[in-house]
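Quick heads-up: structures coming right below.
In the two complexes that follow, chain A is the common piece, with chain B as its partner first and chain C second.
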Partner chain A sequence: MHVVVCIKQILDPEIPPREFQVDPQTKRAVRGRASLVISPFDLNALEVAVQLKERAGGRVTVVSLGGEETPEALRRALAMGADEAVWIRDGALEATDASGTARCLAAAIAKLDEPDLVLFGRQAGDWDQGLVGPMVAEALGWPLVTNVFQTRGENSPLELLQQAEGGYRVVAATLPAAATITNHEANVARLPKVREIMLANRKPITQWSLGDLGLAADEVAPRVVVEALAVPVPEGHCTFIEGETAQEKAQNLARALRELKVI
Partner chain B sequence: MDPMATPTREVFWNIEHTWLVYVLLYPTAIAFVYGLGRRVEGWFMGKPQIRWDRPWLRLKLFLRDGLAQAQVLRERRAGLAHLAFSWGFLVLTLATVAVFLQHDLGIPILSGNFYLYFQSLVVDLFGFAAIIGVVYVLYQRYVVRPPRLTHGVFSDGVLLVGFLVALIQGYVVEGLRIVATQDPWGIWSPVGYATGQLLVALGVRELPLQLALHRFFWWTHLVTAFAGNAYLPYSKAMHLLVAPLSLFFRELEPAGRLRPMEIEGAERLGVKALSDFTWKDLLDLDACTECGRCQEVCPAHAVGKPLNPKTFILDLQRQMAGLAREEVTPAVRPALAPGVQVAAATLAEDAALEIVGHSIDPEVIWSCTTCNACVEVCPVEIEHVAKIIDLRRYQVMEEAAIDETPQQALQGLEDRAHPFRGTQASRADWYQDLPYVKTLAETGPVDYLYWVGCAVALNERTQRTARALARILHAAGIDFAVLGEEEVCTGDPARRMGNEYLFELLARQNIDTLQRSQVTRIITTCPHCYNTLKNEYGALGGLFQVVHHTELIEELLAQGRLPLKGPVDRSPITLHDPCYLGRYNGVYQAPRQLVDALGERVEMERSRARSFCCGAGGGRYFMDDRPGQRVNVERSRQALATGAPTVATACPFCTLMLEDGVRTAAREAGREAPEVKDLAELVAEALDEEALAAGWPPEEAGGRRA
Partner chain C sequence: MDFELTPDQRAVRDLVRAFAREEVAPHATEADRTGQFPQGLLARLAELDLFALPFPPEYGGLGGDTISYALAIEELAWADASLALTYAAHCSLGAGYLHLFGSPEQKARWLTPAARGEALIAFALTEPGGGSDAAHPQTRAERRDEGWLLNGSKVFITNGAHAAATVIMAATRPGGGKGGVSAFLVPAGTPGFTVGPQYEKLGLRSSDTAPLALEDVLVGPEALVGEEGRGYEQALAVLDGGRIGIAALAVGIGQAALDRALAYARERTAFGQPLSRFQAIRFKLADMTTELELARLAYLKAAWLKDQGRPFRKEAAMAKLFASEAATRAANAAIQIHGGLGYTRDGVVERYWRDARLMEIGEGTSEILRLVIAREVGAAGATPPPDPGAGLRAGPGP
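So, the complex of A and B:
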């Protein structure tokens, strides 16, 4: 079984809100002092992949598209149990969007050694669009199952456990297939062992440029233009609940809350 | 008898068939040497470690704690009893050696003054002291029965009663000899002499009866003594031989300096099996006297967590005993080792057996707050904390076996260089509106770097400590700056949770920042940072002068550089000694002087070296407590018991833990919760702002520094 996991390195979503800023010119978040981490759902996807490998054998390849600090994310993935890493790196990708990213990933997956399954995080922790997974599946012409949290079995058709209202659904997927992964207690990302971290530091990372993928710069040019991006300013309102007695105040409070549809 | 004759006695007086002694001696010696050998063999499985540097210091400490038993004596009565019977035992052993020298090597030693003063008088008195000691210990052990003495009830009884019987037999033999031979020097053995008189008074008057009884008791005394010696290496009395070693080979490094370890190229990270420990760690296991002092002081044990430092050591000892005794055939085994549980595993299996999960439950090693109270109190210098951390190191670095909440703290350290998940604060928040707080990048080299620490900078509550200290430093005219966003965690939580790799990454980054900024002197408000910066960065090339804020403030007060308004309103004040400031670094006085300057001080029952942890150390701050097992609540109860309306601390973790704990404790007691404050806050509140505004110190006192 050859599982490919596509991961994205994003700004740490846990930075204090005060520090989060947007550059009005480029309409992008400012890096500031925030660290870069692997997008949370991608970590769940990695965990699902590594569990599948541990059960069914085979190997896991991680692929990421990004700037100069991408190797950090790839090394962490290697430490968590991935066997190989591919870094898609090209100056022309700087401004690309979901469709350009999907094109590159699809080309890279096609270039890899016969993957059986491709996993994505349900959506990236920065833009929360959830587009890349479906677009890659589309480009590859593979079946896609969304909101998966676990796999069962060892061969095609592989059972994918898909989250559903109040429970889950089991989908049998003929391989090759793609899936987007959501978080669940069964796929909490493992803490890499220090031994593995040290080994990961020595593993090579394959680099592919657009040319290596057989793509031209205009094929990955953004098709979506961000018009505006701003940090919401939280506004506080203060309303005093009036009333003569405590009971009256409570009733008025309850009414106010009901009007706000809070209760 | 000729009054001018040289005082002496005949060695085998009244005894025939003395060859029998040697017949009995051989099996005794074999059992003894065999038992000892098995133990020593166990230690040799351990990894090498140099513990013979500074031999004179070692010798000095050994004499203090081994012969004079200074540490044992920290518990007055039990210590005296122990001193009495251990010295009794030692002196009696020397007396036996003297007999051996005279009889078997032909050195005429048992005559003249040596005979009178030592062999008769001293030996007699020490033996008697030993009887008193043993009786006291038996009384404690089997009548009073404190909870800390719960191990080896049977085997201890055998030992103590055996020793007592041998002593009494000895006096009976001596007494009978004195009366039967009409020994002119008999009175030099007063207790023996009295025993003889007593026997005569009881009716043992005829010489033949005296001779027969003498022979009987002589032989039974011999058998008892031999049996005791043969049993020794299989019992806890083994500490008699091993404790001197553990005292001599003790850790001489500062307590706060965790043992370094090799990471790159290490075959195994941390300790998985017994053979991964160092030889000293394994020797420690056999040195344990089962005194239970560590159990008594352990905060984890006090609140009912599964950790008991004594049991921890003894469980490891048992695993090692199973290994060391393996080659003894099953038939011999029980005979050699009654009371010692013998594991059934094979030699190789036992040596490689994973400790955690086999003889030690994982929850045991994660319950430890690394408060060091056990190490501090142990009379034979056993190093519990180093062992617990070594076991954690393996669990974390090789197995990644750690609960989710502490795992998230480690992950936070890796991703954002602090362990406080979900904090809304950034390191620069607390000084945004304080014009006198600047970063090093803005000021360039300064007298003091104020190292804030994550626990202070990233919690709204403890930021008040930082603001208070900054106010004080500014008032005293100290030239200081902070690192601001450039500061990252010192790595203490990672190190204490067993992730040495992460610790090193963080430490190297900090050392690099500090050296680049030409920092030489550092003030910290966090004892954990203090300890790490002061004691642990040196090994990685970072040498700095570090002061804790209480030390510096105390100095400033003493120099008259801080005007105070007078006693605070909420006096008296009780002081909680943070483990990493007090026990680890010996800073007890400075915080007390601050409290004294602020009001009346009331001490908690457990303070200074016996202080009870707040529950946060060793990464425990980042782990969950089971209901009813919260160390901070227990400590808060102790603080409440003083009745003081203010609890002073000197550590952000303690502040957070106790502030939380006093609420629960106060609710339980139906009382108002005392205020928990860092000493910096208390001093800042007491600053006489008017005097400062008028210019302090006044001109004639020398003026203030620029």
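So, the complex of A and C:
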């Protein structure tokens, strides 16, 4: 079984809100002192992949498209149990969007040695769009199962446990297939051991440019134009709930909350 | 000049940080209350290879550098100083002694399980008669046909009750003195070697601290660690390294106090505004931040020197002295910033103060460290101080 996991390195979403800033000119988040981390759902995807490898054998390849600090994310993935790492690195990708990213990832996956399963985080922790996984599956022409948290079995068709209202659905997926992974207690990312960290820091990382992927710069140019980007300013309003009796006040409060769609 | 950590160092720090925050911190208050030895967490440290980190690959270690090791201690201490001390005393002092001075046989027998986290090794220098005077132990080791006969007692020994073996400093010449102190590795359960009840400590309450008694303990010649009569110099070298770890431990405690104080100052309001708006509070936070960052730089510098194979005695002493005092000041300020809550168990920060306080005592009191530093810069002058001043250079075990 060859499992590919696509990961994205993002600004640590755990930074205090007051430190999060947006550059109005470039319409991007300002790095500031925030560290870069693997997007949370991608960590869940890595964990699912490594568990599958431990159960069914085979190997895990991790792929990331990103800037100069991407190797750190890839090394973390190697330490968690991935066997090989591919860094898609090209100056032309600096401003790309979900569609450009998906094109690159699809080309990279097609170039890899017969993957059986490709996993993505449900959505990236920065833009929260959830587009890349489905777009890659579409580009590859593979079936896609979304919101998966665990796999069962060892061969095709592989059982994918998909989160559903009040429980889960078991989807038997014919391989090769793609899945987006959501978080669950069964796929909390493991802490790597120090030995694995040190080994991972000494493993080679494959680098592919757009040329290596057979893509031209205009094929990955952004198709989405961000018109404006700003940090929402929290506003507080105060409403007094009227009522003669406690019961009436409570009823009015409940109604007000329902109108606000809070309850 | 390069202040950037290497990928290994950064990854080790991040790993231990994640582990400490997710798995250690949630239980630290409870561990402080019950005083229960952190057996389960030590097993996790072993699983994550943290015991292997500072030891050489020949004995199952990872050959990690001192910087990584010290960063790991800081992160553990941020969450639970008792756990950090248990780890640091084992790695720096007990197992550290064998690593530096043990024979290949002793290392194969003891360092290998020590690096796997399967055997804790304690280091026993301090005695009822005094800990600061490392050159003059009352514990005696006398030659016998079979090896050595040990008699004496030790106090305040970290991991004393849980150690699989203990490095015992003893006089091999009546009165000890330079050339008269040697180290012996005594396995737990050796006839005549007993462990007393745990001390009721101010802080570090889930670490194991016990007195040891040696009554006609007969050990073979293989128990001698390093050369006979070199124990004093050896102990000094072991303590030099240990002080880097204690400095890092102190920074971890201080940082935890600062983090809590900062969070509290931002959320607690008085006179209609957050505490952090008051200059008196802001200045405290600024001082804490500054001192802890400088303390961190100091231990990293000492660790870097050690990793380069350069002399680091003075730098380790300065780092430990400054970091321990900065940690106590930070914890003290954190209590003040928390007001009445700071004085209660619920406020948590009082634990930092209780835990930090040891860092000014163990592995060389602040007084002894000032003597070490003064001597290192030549302030002692040309004439050697009177005996037992010679012993003071050492400073004690942790």
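Note that the second predicted complex is superposed on the first by the 237 of 263 C-alpha atoms of A that agree within 3 Å, B and C clash if a C-alpha of one lies under 4 Å from a C-alpha of the other, contacts with A are read in each partner's own complex, and residues count from 1 in each chain.
Here is the rule we go by: a residue touches a chain if its C-beta (ideal position, glycine included) is under 8 Å from a C-beta of that chain, and two chains touch if they have at least 3 such contacts.
As the structure is a prediction and not an experimental result, all values here were calculated from the model.
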item	value
Partner chain(s) touched by A:Asn201 [first = chain B, second = chain C, both, neither]	second
Touching partner for A:Pro192 - first (chain B), second (chain C), both, neither	both
Which superposed partner A:Arg75 touches (first chain B, second chain C, both, neither)	second
Which superposed partner A:Glu14 touches (first chain B, second chain C, both, neither)	first
Partner chain in contact with A:Gly167 - chain B first, chain C second, else both or neither	neither
Greater chain A contact set [chain C / chain B]	B
Set intersection of chain A contacts, chain C complex versus chain B complex	191-195, 197-198
List of chain C residues in touch with chain A within their complex	7-8, 10-12, 15, 18-19, 47-50, 52-53, 62, 64
Residues of chain A touching chain C in the complex	72, 75-76, 79, 191-195, 197-198, 200-201
Chain B to chain A touching residues, read off their complex	263-264, 269, 396-400, 402, 404, 407, 410-412, 415-417, 421-426, 429, 485, 499-502
Residue ranges of chain A touching chain B (in the complex, touch as defined)	12, 14-19, 33-35, 37, 188, 190-195, 197-198
